[in-house]
């Protein structure tokens, strides 16, 4: 199983760098994973999105649909991509410690 | 199975491919020969052969589920693939695919093909699909660290990534006015204009599920829009079929049995042949194309051209397959782009409001009813939308609106 | 290897403009084509109002193409077509010529390269298909090998226009059906026949249980407590019809089963509006074994359908229209395929396919 290492900490991740145990998520995970998603430092804006996604996941067991993320955080989709350059699915969900979004693409 | 391990063990750097070698025989061009000819580009082709040989022995796929990779600023366009036998075949351990927008009508110059080939020699396996089912050019097999460079070389060459996931998929169209006398609207231009209008929705998934747009310029529907596009634009005409009676007579002389082959095959029996002239009762014609297909020199679509807009086609998953159904019976060719843009926005607004995760628009319409969908997007019902009115009396009568009148 | 991206970073450039790669004769006569003739199987002549003539030579490809082959196509386009070519919606390559004297030399060169010319009008065109084992995780079979084996057997119907009408074949490796497989004259569809094997440890890590439950068309998946108090699912196996959509949303629902995966064969669909309306293909053979590298059982069945259709159908009748006329009982009689309980629909609206008249042919 691949691991992701940062500052001496090791995380079990899948090939795409998603946390293998969603339950092990802490705020440190988001901070540690940020660089790998081309984010220099997490701002209040990042946290607003991460916390919304994380809380939604804990409440409903699923990732929120993108339009809901936009509606509830007040960010336009383009702004979400500015915050998370690889997008809400790959970037924001990874930092929020959700399972990797799947589906027949 | 006993000799499976031996059978795929690389020998002299190249895998043994006893089963796949069988597929190099025979008259049809062989995909195995294609894979072999890309050996040496990155090594991906060699290991792809090895892994595929293993699948031919095991009778299961050796690709792992999913994969989520991409380029910055886009939420799709790259299909992540990882091998479940990556240790045995390390050069396909990571083997991602890029979907690249095809030029409308799949026209290329030799220079464009060479440009793509050169980029894919530098950054990928050297293997392609011309083309994938949706219409994109498929660049088959590379690693994550090459994605950004491939993407930038593509955009600098005037190509861009296609759609994947819950996004607008790359629209596609038939050859249309570029080489077909039956084109009732400019399918290639419309397809291009729509693709450009929805760059954001194509590259940054934000819809409940995938949304496919396909444009066929006549009812022959060469891109199968009615079978697989959420929004199907299919050309037709309103006025009379154009007839060259002398050419009809020439077909008769050449052996076409006009009465039997043409008139008797007309679905509405709207034409007859008196031995000299073909008479068409255009009021009854449903523009099926049979007579025109059979006698292209003698018959042509009319001159008042446009398209039917249909909605909702999809493959079986989840609630069963659907063909698209009529939404707007006719839009004049020169009004298509504006009409479609306004219509698509209204459809998406409704879908956003009422669609559930991974629910195609056709399934949503099935769930809420076409009438409710029409109310929602502000279209009046029309008899062209149904094959017949309902035969059951279970009608949801709406309460009288007392404030009106 | 160099992977330094070019600068400046460009995004959202879209595809090449629709008229960027059009040959001059097409630009000149765009939208003013008058009629076309077929000069030979795979060779078309389009005549414009201006009197200009554009000749098309259509060749079959394996769809999966190496850059070496693309460069060969480019060389041919340079030599014969002023550098222009196109591909079709069914994975054929088309060379566009203005000089009819170049048709024969081009055809000879294509023959040397092993590229068959044909696929027009009342012929079998190239088979559209999916990725299969070459590049898909969900595939119940391989597509490229099936297509190669079928086209080897049917190539004479590609190079000759010897059928009653056009005949469109498609292959999909699973029920996701990337492509219009469900509306083909003959469709080959990869199927699973066993329920998913739930991998609990992976499921609790990698999958959203509500999404997984919602992914099942028959409600056969329901949540149950899993290890460590986490939610998992169970599958009501008698309600599962093996569509594999649960695997699409969750890697822990493995469908692949070497012994039980295989092929089903469907007939009579079409997308064209000519004569009869577009329609779905119908089940012809519920299951044939996965038998790589040549799938002889599939080849035999498809060849049988083509032969019977060719012998029995009237001019212009597509497969579905031919069966409309002769009836399904005669189709099964003529092909020798067994009619089984699997042929009777039992999903939603199944009753729409029951025969509700006394119109029976004896």
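As written, the chain order gives the labels A, B and C, with residue 1 at the start of each chain.
Please note the rule applied: a residue touches a chain if its C-beta (ideal position, glycine included) is under 8 Å from a C-beta of that chain, and two chains touch if they have at least 3 such contacts.
Predicted, not measured: the structure shown is a model, and the values here were computed from it.
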Middle chain, criterion being Cα centroid separation: B
Farthest chain relative to chain A (centres taken as mean CA coordinates): C
Chain A and chain B, separation of their C-alpha mean positions in angstrom: 33
Computed distance of Cα centres, chain C from chain B, in Å: 11
Intercentroid distance (Cα basis), chain C paired with chain A, Å: 38
Per-residue multi-chain contacts in chain B, two or more chains: 64-66, 73-74, 200, 317, 357-358
Contacts with two or more other chains, residues of chain C listed in rising order: 138, 176, 211, 248-249, 251
Contacts with two or more other chains, residues of chain A listed in rising order: 62, 100, 102-104
Complex contacts: residues of chain A adjacent to chain B: 15-16, 18, 38, 62, 65-67, 70, 77-78, 81, 85-90, 100-105
In the complex with chain A, residue positions of chain B that touch it: 64-70, 72-76, 79-80, 82, 94, 164-166, 200, 204-206, 208, 317, 352, 357-358
Contact set on chain C toward chain A in their complex: 138, 176, 205-211, 230-231, 248-251
Of chain C, residues touching chain B in the complex: 1-7, 9-22, 26, 30-31, 33-37, 46, 54, 56, 60-71, 73-75, 77-78, 83-89, 91, 93, 96, 114-116, 128, 130-139, 142, 144-145, 148-149, 151-152, 155, 175-183, 211, 214-215, 217, 243, 245, 247-249, 251, 256-259, 261, 269, 271-276, 278-280, 290, 292-294, 315-316, 347-349
Contacting residues of chain A [partner chain C, same complex]: 14, 20-23, 60-63, 99-100, 102-104
